[in-house]
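Next come two complexes built around chain A: one with chain B, the other with chain C.
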Partner chain A sequence: MALFILKRIGVMALTALCLTFVVFFLTNLQPNLEKLAKTQGNARMTDAEVASWLDRNGYGGSMVSRYGEWLGVRPGWTLIDEETGEVTGRCVDLGDSLEDAPRFCGVLQGDLGYSTVSDDEVSSIVGGRLALTGKLMFWAFIIMVPAALLVGVLAGMREGSRLDRSLSTFAIATTATPEYVSGVIFIVLLASSQTGISPLLAEWGWIEGRTLFQGSARQAMDGANFWNFTLPVMTIALYGMGYIARMTRASMAEVMTAQYIRTARLKGVSFRKIVLKHALRNALIAPFTVIMLQFPWLLTGVVIVETLFNYNGFGWTLVQAASNNDIELLLTCSIVAVLVVLITQLISDIGYVFLNPRIRIS
Partner chain B sequence: MEHLTWSGNLGAILNPMMLAALVVFIISFLSNIALTIAGIRPGETVVNADHTLSIVRTPSDYALMGMKYAVLLFLACCVIYIVGGIVQPDLEARGIIGSLGARFVPVWIALIALFAVSITFKRKLGLYGKLFDSPIGMVGFGLVMFWIFTAIFAGLIATHEPLSQISSIRNGTPGVPLPDPEDGEYAFYLLGADSLGRDVFSRMVYGAVSVLRIAPLATLFAFMVGISLGLPAGYLGGRIDTIITFIANLVLAFPVILLFYLLVTPEIQDSFIPIVMGGVLFIFPILFFVTLFNSRFHTQPQLRNVLVGVTVVVGGWAYLSLLSDPDPESLFRPLPAAIDGIDVPKNILIVFVSVVFVNSPTVFRIVRGLVLDVRTRDYVGAAQTRGEGPWYIMLWEILPNARGPLIVDFCLRIGYTTILLGTLGFFGLGVSPESPDWGSTINEGRRLLTVYPHPPLPPALALMSLVLGLNLLADGLREESLKD
Partner chain C sequence: MSEQLDRGRAIHPAATMYAEECLAGDLSRREFLARTTALGVSAAAAYSLIGLSPAEAGGHLASAPMGGDLRIQMSVRAGKDPRTYDWNELANMTRGIAEYLIELNPDGTFTGVLLESWEANDDATQYTLNVRPGVTFNNGDAFTAAHVAANFEAWCETEVEGNSMATRMGALIAEGGTSAAEGAIVVVDDLTVQLNLQRPDIVIVPAMAEYPGAIQHMDYIGQDPVSHGVGTGAYRIARHEVGVGALLEKNPDHTYWGTAYLDTIEFIDLGTDPAAWFAGADAGEFDMTYETVGEFIEIFDAIGWTQYETPTAATIVLRPNQSSEPYNDPRVRQAINMAVDLQEVLELGYDNRGSVAENHHVAPIHPEYAEIEPVAVDKEGALALLTEAGYADHVFEITSLDGGFERPTTDAYAAQLRDAGFNVERVIIPGSTFWNDWLNYPLSSTGWNGRVLGVEIYNLAYRSGVAWNEAGYANPDFDALLDQANGIQNSEERRAIMAQLQTILRDDAVVCQPYWRSLYRHAQPNVVNAFMHPKFEINPHYLGIEA
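So, the complex of A and B:
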């Protein structure tokens, strides 16, 4: 088991290394750097000025050496201005002078760089944003997982029944409704003062405000409550739910045809007991993997929902960083995203081995 | 001119009927749930002593009957609306629903013809014919074909140009009349106008064209790549398997949205990356067909040479002209403009390449898993004993026997690709600013969503129904292919 985990972690580290290099390569392409020079310096710089600006700011070396610096396995660049004698460099700001400053400053040293657009350290931006997204994800999972498991188990316990047909169709319908569609429909139905049910409810005097739910989750960043947080959470949960429900249904249906279920039934055990005591635990092994693998999928959903509902979390930051060409912030967002994906994959692998006695014992 | 009403003349009769159907459905549905919880089950058929069957109806049966007839009544009303729309000459008498029904006449004709022919010959049509045994599959197929025919007949169906703007009726609600229509011009915006005064309905129809031009083709390419790599990885195993699987996992670990944000940018569009990626990904279909023909016909050199030659010439031409850019200053122009047949705008090329790139690893994993299962079968062993080459076994023994799950996944994956394309449009990545595709229309409409909900809703529902159709079709196919 320890060897297995070690091997997995090794592969994971290699994957992370490859992926961060790809991201680094794509964000540090020459046109992107030129754009950065023009936004940071002067929009009307000539090509020669752009080149010298890039040289002065440490973007001059080869891609691999800059990746090494960023990663923290190569010493950061330093440059001494010949006229003024001023020393600039990647790590110089961290100490008082050139001698004082650390030689290496990269991701491995915990230095994530500086966001050019927000004028702040990347690490201080990303932390708060991640906490906000964590809140959103937490509630989405609280809604999504139990609902999906319930739908899946109910549908799978009598395969082909009418209950199965209706719940399966519901599950298919939710997987066919991406977040930007369901979000729009939710807002029109529940959070618009012109259409949907809000005008009716307001007319009858059942709600105090003009709309039932709020179409923007901006206030939910400070204090989330039922009225401003329901729609974003539901939008994320709905899309992911169908997939887990279908997996649970398939797994449940398979278990229900197993020999030991037939034995239990022939012994005269009641249907309720068969489902709860004999089938449920075995049917939930496969969905566990699916639930863990749902995290990377949810990331896309989070980006869409945070944009749609104006919720300044991690996804929103990613969009801002990408559209403003904020290279270091984007790189950090990528690492976080890649790490989330890899760690959930690891947990899902280990969890699967752990949960499944057939694999665990052999 | 007046605003069109939703239901026109027929509304006075049909609307109450539809409302009644809805009420009956809800009541029956709720009472059915209540009865089920109370433990009352539908009546079962009993075999009597004299070999007759009898059935005792319980309240639950009546609730189910109520649901069934309510749905039928509702559908009948919809059909009457559409037929009424086609029959009545006057637009105001038709109403919006009737007029929409009338605009889709080419689609209805094509759908009816297709279904009539398919159902008549369904026993001779293999898996496709069996689809018509499953109601879910039929509904899914109908939805998908509806949008395919809409895309084909877009010019006939759309009432206006997707880009023409009439600023005086900006944000006009559905059924808004044009201020001064010219002769022969359609006098109304059936589903209203968007914030620039463009026709929402026509944009939705043209949006179908832009989605269906990319999604199926991109999925097909992804399948070619996934199959070409998955077959050897699963069948040969060993080091090839390890390397390809590692690369596939690498791509899979990349969050899709991040990849799009990094790849689909104007800077990357103009760089060498799309051409390199396209060059690698688009070579797989050619390799696939060359190996396919060569492995089977290498004992008949003449036939083999013809087939392989045609593949290389046609495929090579398509390959080069797909990648080459008509712009004279571009990086890569292997073909002279005269024979450069396929012009793909740069922004579409990068979207296409990225979508293929994102989808192929998943296909690869599915194919690899299937191959690992199928290679243990006896017919593979028989082919090995006959002395067939590995590629023959992979392409002519294993692949045809793994087709069922692959076809099902193909349908699902087109739906997924449609969602991806919508996501790209939603973030304004890789689409031209005025493009009528569904994702960007939804994005444009969401700013004024709470005040004017009508512009983003039609494309949102269109996208949802297309993907739903594809998912239902896949479900029907899966069910029918499992039956034999």
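So, the complex of A and C:
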């Protein structure tokens, strides 16, 4: 078991290394650096000013050596201004003077770097944003998992029945509708004072405000409530729900045809008891993996939903970092994404062992 | 009369001359006000000179009850040295802390903020600035002439990357120098600064009101007001998160020299998509927009918000870059301009929310605007001229930003060219990369903010070799005439030269310029002084909320 976890961590590190190098390579292409210089300096700088800005801010060396600096295996760059004698450098701000400052300051030393757009340490930005996304994910899971299991079990216990057909249709419809479609439909139907049902409800005096729900989740960052948080949570939850429900249904349907279920039925055990006591536990093994596999999917969904609803979490940060070519913030986002995906997979594999004793990790 | 009006100071001789021109109908009221107040005549005196009640001056500001919290939708960027500001939003964010010497009012007049008054000598080579007494910084230091002089020195440092004030302060910098000329900036006493210009310059006063001209404490020059927080304004920044929001709150430890109504002002960044702004408004997330654009103007009207409009000299130009083929051939450029019906572009590209322009980038609201013959449209002639130049088969690649007013306008322009039988291809580039290369696209559209004077625009964008000369235009005759125009204060005389400049620019078909934009802003009905400013300014000190 320990060896297995160790191996997994090794894979994780290797994946993170490859992914960050790809991201680093793409964000450090010359046109992107030029863009960075112009957003940081002045939008209308000349080419000569751009070149001088890049040199002075440590973007001058080769790409591999800069990647090494970021990683913390090469000493950070330093530059001494010939006129003023002022020393600037990657690690200089960490100490009081050049001698005082550490030579290396990269990810390996625990320094995630500096976000050029936010003008702040990456570590102080990402934490708060992750917490916000955690909140969104948590509520999405709270809605999604029980609802999906319920739909799946109800549909799967009598395969081919009317209930099964209608629930399956619902599940397929939700999982076939991407977030950027369902989110927009929700906003138009439920959160606009001009279209959908809100103007009607307001006219009848059934709702106090102008809209049933809020089409912007910004206020949910400080104080989430039913009014401002429902739509983003529902948008994420619905998409994942259909998929889990389909898996649960398939697994349930399979279990319901198993020999021991038939035996139980022949013994005269009530249908209710068969489903709850004999079928359910076995039927939930497959959905468990699927639920854990939903994490990476949710992460992509979060990018869309947070941007759509203006919720400033991790997904939104990722979009901002990418569109502003905020190199070190984007790299940190990549690391976090790798960690989230691989850790959930690890949990899924370990959990599987406990649910299904036949499987051994070797 | 003038002495009474201006508290004992003589009125600049040019001002009375302008008044005569204005009364004779040669100069519009707006032009008159911009010119005279730039020379240091107070707005009240200027109104009196043309027989209007001085009460109309400054009448654009209503008073509001004290207190209240206001939320404004605006992009929130990382702070930096004000000299290098490249977005109006940056200045709006710090205007509650770092104030300006003077400001431009929506009616075209200038009023003093940190300056009480200013005067120019008769040939506009010497300006005397009178600092407002009794102003203190929020760290307790008194605001004096030394601070003003230090800021001027800083503005003149041409070697500071992205310092756009240096271009505007050109008249204080010796030829080829990189900082203010010897004796150009003189501290006369604690409350008086004298500017001795190298050459006559009438745009230095409007330049002080430009958004990079925020006044810094002399010890903090070159630093970011968001982080040091020192300034004369009534507010301080309580929270600032790039791309998310910023919160200004009234500084309890500071006695502000003027009046400030609101307790807090929050800037909320909802990204660049106007649809997201509207969703935010519908959800009650803010009370006032920074700018409302396009179809959303009507939609905001529909939810009961108050609309504010201001006509401006802001515009869009579609310019071929003359350093690239085939635009180095004047016939090609002329053919393009002949093919475009500007009125159509205004209607299709900007919903008719503006007035038609004339391909020479000087607006009727500019004081020195000269009326020259209207632009003629001749689609058949255009194609004939293009064929004659040998480029009938050329595929015109027209680049524009993805979004804003630029995209539909450029689409309409492209459609006009297609109508005339040109081969056109559209290239659309997202805002995050468009500006990397904005000077070099062979044929592209660029949005330009308004400037107070027509010569300002010409100096910035059409003089040979200047940084923002995106058309690659180089015409020594034009430069020589422009130099001449820069030194003339009399609008009649200057107008004669402007007529020549405008004609040269148009005959050379340097740009196609379809319209002057009107700008719009919306606010909840209870917001006081939310008016739209021609330069998008938001001054937190003026805003208030009605009880």
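To be clear about the criterion, the second predicted complex is superposed on the first by the 341 of 362 C-alpha atoms of A that agree within 3 Å, B and C clash if a C-alpha of one lies under 4 Å from a C-alpha of the other, contacts with A are read in each partner's own complex, and residues count from 1 in each chain.
Going forward, a residue touches a chain if its C-beta (ideal position, glycine included) is under 8 Å from a C-beta of that chain, and two chains touch if they have at least 3 such contacts.
Just so it is clear, the model here is predicted, and its values are computed rather than measured.
**Student:** Which partner chains sit in contact with A:G209 here, chain B, chain C, both or neither? Use first/second/both/neither.
**Tutor:** A:G209 sits against chain C, while chain B stays out of touch.
**Student:** Should A:P199 be classified as contacting the first partner (chain B), the second (chain C), both, or neither?
**Tutor:** neither
**Student:** Once chain A of both complexes is superposed, is A:G41 in touch with chain B (first), chain C (second), both, or neither?
**Tutor:** A:G41: touches chain C, not chain B.
**Student:** Which partner does A:G61 reach: the first (chain B), the second (chain C), both, or neither?
**Tutor:** Neither: A:G61 stays clear of chain B and chain C.
**Student:** When the two structures are laid over each other on chain A, which of chain B and chain C touches more residues of chain A?
**Tutor:** B
**Student:** Touch test for A:R218: chain B only (first), chain C only (second), both, or neither?
**Tutor:** second
**Student:** If you stack the two complexes on chain A, which partner ends up touching A:I187: first (chain B), second (chain C), both, or neither?
**Tutor:** Once the two structures are laid over each other on A, A:I187 reaches both partners.
**Student:** Return first, second, both or neither, reflecting whether A:P31 touches chain B, chain C, both chains, or no partner chain.
**Tutor:** Touch status of A:P31: both partners.
**Student:** Could you tell me if A:D119 is touching chain B, chain C, both of them or neither one (first, second, both, neither)?
**Tutor:** The second partner, chain C, only.
**Student:** Across the two complexes, find the residues of chain A that touch chain B and also touch chain C.
**Tutor:** Touching chain B in the first complex and chain C in the second, residues 31, 35, 187, 191-194, 211, 215, 307 of chain A appear in both lists.
**Student:** Would you mind writing out the residues of chain C in touch with chain A in their complex?
**Tutor:** Listed in rising order, the residues of chain C that touch chain A are 78-79, 84, 86-87, 161-162, 164, 241-244, 268, 270-271, 276, 279-280, 282-285, 299, 302-303, 430, 432-433, 435-436, 438-439, 467-468.
**Student:** Which chain A residues qualify as touching chain C in the complex?
**Tutor:** The touching residues are 31, 34-35, 38, 41-46, 49, 52-53, 116-120, 187, 191-194, 209-211, 214-216, 218-219, 228, 307, 310, 312, 320, 323-325.
**Student:** Spell out the residues on chain B that touch chain A in their complex, using ranges where they run on.
**Tutor:** That would be residues 136, 246, 249-250, 253-258, 261-263, 265, 267-268, 270-271, 273, 415, 419, 422-423, 426-427, 439, 442-443, 445-446, 449-453, 456-457, 460-461, 463-464, 467-468, 470-472, 475 of chain B.
**Student:** Touching chain B in the complex: which residues of chain A?
**Tutor:** 11, 15, 18-19, 22-23, 26-27, 29-32, 35, 168-169, 172-173, 175-178, 180-181, 184-185, 187-188, 191-196, 211, 215, 296, 299-300, 303-304, 307-308, 315, 318-319, 322, 330, 333-334, 337-338, 341-342, 345
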